[in-house]
Amino acid sequence: MKTLIKNGTVVNATGSALADVLIDGESIAAVLAPGSTLLGFDVEANVDRVIDAGGKYVIPGGIDAHTHMQMPFGGTEASDTFETGTRAAAWGGTTSIVDFVVQYAGENVLEQYRKWHEKAFGQCAIDYGFHQILSDVQDSSLTAMDELVAEGVSSFKLFMAYKGVFLSDDGQIVKAMQRAASNGSMIMMHAENGSVIDLLVQQAVAAGNTGPLYHGLTRPWQAEEEATHRAIMLANLTGAPLYVVHVSAKQAVDQIAQARDKGQNVFGETCPQYLYLSLEDNLGARSDEWGSFEGAKWVCSTPLRAKSEGHQHHMWQSLRTNDIQMVSTDHCPFCMKGQKDMGLTDFSKIPNGIGSVEHRMDLLYQGVVDGKISLERWVEVCSTTPARMFGMYGKKGVIQPGADADVVIYDPNGHTSIGVGKTHHMNMDYSAYEGYEIDGHVDTVISRGKVVIDRGEYLGAKGDGRFIKRGLSQYLI
Amino acid sequence: MKTLIKNGTVVNATGSALADVLIDGESIAAVLAPGSTLLGFDVEANVDRVIDAGGKYVIPGGIDAHTHMQMPFGGTEASDTFETGTRAAAWGGTTSIVDFVVQYAGENVLEQYRKWHEKAFGQCAIDYGFHQILSDVQDSSLTAMDELVAEGVSSFKLFMAYKGVFLSDDGQIVKAMQRAASNGSMIMMHAENGSVIDLLVQQAVAAGNTGPLYHGLTRPWQAEEEATHRAIMLANLTGAPLYVVHVSAKQAVDQIAQARDKGQNVFGETCPQYLYLSLEDNLGARSDEWGSFEGAKWVCSTPLRAKSEGHQHHMWQSLRTNDIQMVSTDHCPFCMKGQKDMGLTDFSKIPNGIGSVEHRMDLLYQGVVDGKISLERWVEVCSTTPARMFGMYGKKGVIQPGADADVVIYDPNGHTSIGVGKTHHMNMDYSAYEGYEIDGHVDTVISRGKVVIDRGEYLGAKGDGRFIKRGLSQYLI
Amino acid sequence: MKTLIKNGTVVNATGSALADVLIDGESIAAVLAPGSTLLGFDVEANVDRVIDAGGKYVIPGGIDAHTHMQMPFGGTEASDTFETGTRAAAWGGTTSIVDFVVQYAGENVLEQYRKWHEKAFGQCAIDYGFHQILSDVQDSSLTAMDELVAEGVSSFKLFMAYKGVFLSDDGQIVKAMQRAASNGSMIMMHAENGSVIDLLVQQAVAAGNTGPLYHGLTRPWQAEEEATHRAIMLANLTGAPLYVVHVSAKQAVDQIAQARDKGQNVFGETCPQYLYLSLEDNLGARSDEWGSFEGAKWVCSTPLRAKSEGHQHHMWQSLRTNDIQMVSTDHCPFCMKGQKDMGLTDFSKIPNGIGSVEHRMDLLYQGVVDGKISLERWVEVCSTTPARMFGMYGKKGVIQPGADADVVIYDPNGHTSIGVGKTHHMNMDYSAYEGYEIDGHVDTVISRGKVVIDRGEYLGAKGDGRFIKRGLSQYLI
Amino acid sequence: MKTLIKNGTVVNATGSALADVLIDGESIAAVLAPGSTLLGFDVEANVDRVIDAGGKYVIPGGIDAHTHMQMPFGGTEASDTFETGTRAAAWGGTTSIVDFVVQYAGENVLEQYRKWHEKAFGQCAIDYGFHQILSDVQDSSLTAMDELVAEGVSSFKLFMAYKGVFLSDDGQIVKAMQRAASNGSMIMMHAENGSVIDLLVQQAVAAGNTGPLYHGLTRPWQAEEEATHRAIMLANLTGAPLYVVHVSAKQAVDQIAQARDKGQNVFGETCPQYLYLSLEDNLGARSDEWGSFEGAKWVCSTPLRAKSEGHQHHMWQSLRTNDIQMVSTDHCPFCMKGQKDMGLTDFSKIPNGIGSVEHRMDLLYQGVVDGKISLERWVEVCSTTPARMFGMYGKKGVIQPGADADVVIYDPNGHTSIGVGKTHHMNMDYSAYEGYEIDGHVDTVISRGKVVIDRGEYLGAKGDGRFIKRGLSQYLI
């Protein structure tokens, strides 16, 4: 199958160009000056399919490096399966995800890793990779780290919160970081001080403060700033590169910025929810249907922060200044009915997570329209940097010969209305962005050469997506 | 003329790829998966020339955004003409320069601009653009700024030193910045406190401290840090973007880094001399021929800084962390005999300048070999960012269809010995880098499709180079 | 004359104590445990006068280290003479001032110094010292600096604004600082970028923006922050101690704090107007009498800053954290009628200055009541630190044997209403603090042993005050 | 007993004065102008004893706010008892200590508190107060905090290291801080990341790195910086004031400085060992007697830091700039024979501690002689601030009427040789400062009116010292 995308504006992280893109099979074969002839050879006449992208952006497919499909948590499971979640991703212009293999304390890392392959294999609409969660850092886990790097899993997530479930103590973190420093892998960190949060939650519940708003109030910025600083210092001690996930507090950003200014390999990820949503408007929301429990829709960790403190504004600025390097979703959807409502009388029982794998590309493009980031920065934070950060660049994250033909044609003159019954393919009974209007539209999505989304139609199939064997980070300084 | 560069590793700012590059006339026509066929069409058979770049890097030609060819200064002129200087640049893998139109106080900006066109026209081996120096900011100069932007001169250099020659006072700087903020152009700043330096120079000379070392000692880091901060604050006040030229003091870097962290459009350029050379080793050097006047070879402003204070180390780190964004040469060569020796008995009479337009690509590549920056960062700081910073990207600074075919084939297994009688094509009677050995080699240089350097031979001609009409900066956040 | 102040709470910079204070002649003879007997000797029976200070604070008299009595400026003169101004100071609990000898460009420093002695001699109600203003730094001025230090004038004020009147260029500043570094004196700096301000003023007036509010808008925080940083860096270069007068912008405070953290001898003074008043409420005020020219009452430089930017809040915090070390008034009063109204149609013609020498002790005590600073900090910033900073400690600024008997009895249960016709002894036709209510009261003021204010009566006489021959700063680290 | 100290220079935190000090019983009755008569009354003739302090400093007695007399640790006990330790303190000019009541995990706070009273009662040569160590923060401990504040124990020490012995987890720390915020007490913190250190120690020992030098290498600055930041952030969250004990790393100082600049009540204590001693010279020392185990003499925590990293220099500067507020000893002596040698084959078994309660005043005075701090700062960091910090000011830390007559007469022309067999009264078989020479001498020490040391003789008795019932901190901003 040979496809020519003609007349589009190819956007990459450093700039844009009018160029045609020729796809041959699963890969990009050439990027050509527009006009469809090459040295007199009529390219257009020799392909199977021609897509006219005139007036549109041709970008490398989105990479969402932080998702939790069908993740088991607290007796339930994230409501998107690998099948439904990756299909929704495709709808939204994302052609790769990196999901998390869960190892709870006491479980065996490599066994879990195999289970996750079983869950995902044959289910995905787009390509997928894995990060490995390490919940207790035993000798076997350290050995497993080396094996997993060889398998293409070159990043390991640790938690400074969720005691008894995910939390590693600082000595365990140092052990994993020492190993990462030796095998070149990346340490990802959920940076919140769990010990403090557990106490505040317990005090809040004891005081009868049980609504969703208290989810935010019991996870104060100090808990995030502190853990972020601690993770940075442990990384400094060991020499491991550090990637802080879902940064939401501006003070945590400042810790990351300071470390980077000193030349340390520290990176920060944020998510659309920390750019658009807030403690006041969302965690504190009320509705006829749910009353003040409405806020449960936005219970996620790290929590939404107070608009009055300016975190959202600071986060957009940090995206511009590269103090924050990329945007993932932390996609971890739960339905209100049957899942979120487990916490109706106690916010600490609400499953933590927001689903937005489908909307990331759109929400960030709106930032371009609103003048918050440049067009190039949009591609960089949503695709190029994720690829570089997690060892996929060359195959992913760029429009260039030899790369996988993961291409999105994005129409800046199109429009997208987000919401249940509108644009909404995730398996959730509500939308975290209900009513958001986007001044752009994902027209066509090509995954390894196959058109999977085209003008409102899903043309792909379960199992289209393949496992991405990743290398080491290509983003270290 | 159609040229295929095959089997090389194309390096750009975000990563590398094995790819063939097809040049048709003056432009890049396509970037292709290696193999020389496209949909069955035999590309190689249809071109005039094939260059095998197997095992070598194929990079966008270097852009030196800070040169002073045949610049009149203190009764003499920089020893490289547009002809000799641009030819030397080509030898070193640089395919574009941006030189400075000089307007001394009292002169008319547009007249000077026309004179510089006359000087350069028909002389250059490679493409050239102009920045405009503004030495007194009269109403006519402000009007001229708008006209020059339309002409493709979108950057204006001001001086905080050289009273009576170049210096603008702070009010004049603000006026120019206000205009830049309105027409979108870039303010470039020579950031040293001239008033303080003039005093220190006068005190040193009066005290009989007349050797070249005192050039450095009378331009202390405080004078640079102070002016850098001042320029940043004036830019903050007016909203103009600011580009600080030839940053040499680590404290000045810190000022730039702080402003950037707050989201201000402030940029820093350094030069090879601030990465490799020092007050102690160079300004303080002695030789049989020149005695302690040997140091005159390295009299430039800002001055070389003390190694004992760690500026050089800090500068390399800042290149890595992007606190410094690009590397130019500030090429401004003077011969020892007949030029530098004007200051034999008084360092303040030594013409200020070092020539290195020929060696920048090599010297920075050595940083890659030494593990100080990555391969991609080399291309970024030497070509891609200069193009983006100064409105040339798309045509320059990138290997992509539609771009000018400015391409360098760089051999990582080659070797270059720098020095007079070795690699040295600049019109200088000494080399500032005499004896430096580089673990790499510029094999082939193509300028707008024409091979001008090939395996040790200069194949170009005077007048090959054309004026680059630049747009506005594409690098602003 | 022997006086015993009994039963009071003696407050000093580090704490408070119940103690009696015995004054013998002009000095403090002893500080005694309360009870009026010493080893059986009945102290109370052996003194001429007993003052019962039960329930009241006994503090070292206030020192206002920044006043401009009858200062000539712009064709007029500050409306308080040495006689009226120092008497008003006494009313407010201030027993020493340090005023400025003015040397305009072209004048001779020592001649001016002698003239100021003539103006003040025999006029003052309280003791007075002099700082010397240096407006052009000629060789004779440098020599004069040494002579003046010997005369007891150990601090020199320079200006970075008011071109042609006061401004010194950076080279001149460095010369004066070099001399200060050698003779141990203190450099005081009016830190605003005059070149920028002159331009902005000219542009505002040209645009028809002539009201008092534009006085503030044309002196933006950037102009103050910049000059503050510049002064710090020049001081760093020369090794001179630096005292920045009338700091009003929070960003300037940050520059001072950063320098101090690095161990540099940099100090900051603020004034009541920067703690209480604002651009919006005062410069932007309107009245029936004056319309929008009402704001002229608060035209001073540095200007009042925007409340919306949080400068006032930051300034109180900086007083607490010792990033700002002391509070003076910059007392420089002008009447609205006949003086301020010179600028009715052009704000740049309004004489710059606010009078508050009478109210500083009260206004700062209100900060104690409001919980913004501690009682000890009140004494420290208003008396002890001024004395230490300017070489008067031991004689002034402390209640201890051997010190001058400059003592204020302050009643925390008293009340003071500020305003014309209320508490107002300055020679001004308005009050900058009209309507302010203070929860405390200056009951008794003793100047070198003589009671000059007692329960609402002025008991002193013109000429009571003597010249203070100051030593070098006792506050350097 | 009435004593007159005449002709001395009374030094306090803000300055010095020539003054006589009259002591009546246990208190200071008056501070008088020199001359011995008061209103004609001959003071000298009416006292029991006259001490001529001509040419000498009269200072408030030293306060060592961090000692561990006979502290049980690891199966042994600190070698100084309350008797020997306080006597040695007196010899060195220290007239008050604040020692730590130890509560190990599982023990009852109030029971321990009573035990410590039994240990100290009737034993001490000088006055003593207690801080309370909290090792597990149970409900009963929280209640005990309130009771202890009422008892005059207003400061509580927590540990972030020594798991299973002293360590509190972050939730426990927050609980104690919440209580401190409500009852006004001070939280003291041993700020080292114990979890990381335990791992590094275990790895070092497993690798056969068992010498004393590894004590330092396994407690890297990152572990201290991290814990310091964490403690600050938890204090920020709760509003509790925080006092970080024994700060040794410059990076930890910077964290404290940053928090203070933002207005948080955070304080830092350092010790003579961090000003004078180092990893290289001391932990890495060798001797004929002990070989490389010589370093055991200086095994303390936090550890001595590397001179090559500049911590000692930075610490002196921080003392000057008030980023560090006071100097205690952390006096915790162990003999080499029978105690330190428990760790002959494993550094982790060496009892942690250095004894210097006797030498603090001398060692810091040497800093005055060497130009590192001022005379006033010496008194401030050694006496006045300790008193203010821990609620003793007024009675202690100042020479003023009503204060306890704790007075030291210090001779700047005297000399002190430190070392075993020289000046050495602590119960240790070695001196941590063997061979140090001090350009000053403690001549006379008066404790609550009783001369306990006079010209080389100990005149006091066991039991002279009384318990100090402390109030809340008088140092908060």
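For reference, chains read A, B, C and D in written order, and residue numbers begin at 1 within each chain.
Note that a contact is a pair of C-beta atoms (placed from the backbone, for glycine too) under 8 Å apart; a residue touches a chain by one contact, two chains touch by 3 or more.
Here the structure is a predicted model, which means the values were calculated and not measured.
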What chains, if any, are shared contacts of chain A and chain B? none
Among the chains here, which has the CA centroid at the largest distance from chain D's centroid? B
Rounded Å distance, chain A centre to chain D centre (Cα mean): 52
Centre to centre, by mean C-alpha position, how many angstrom separate chain B and chain D? 58
Between chain D and chain C, distance of the C-alpha-averaged centres to the nearest whole Å: 39
For chain A, give me the residues that contact two or more of the other chains. none
Touch-based graph of the chains, sorted into line, ring, star, complete or other: ring
Can you identify all of the chain pairs that touch? A-B, A-D, B-C, C-D
Tell me, which parts of chain D touch chain C in their complex? 2, 10, 12-20, 22, 24, 27-34, 38-41, 43, 46-47, 257, 260-261, 263, 317, 320-323, 374, 377, 384, 388, 393-394, 397-398, 400-403, 474, 477
Along chain A, where are the residues that touch chain D in the complex? 169-171, 174-175, 193, 195-196, 198-200, 220, 222-223, 225-226, 229-230, 233-234, 236-237
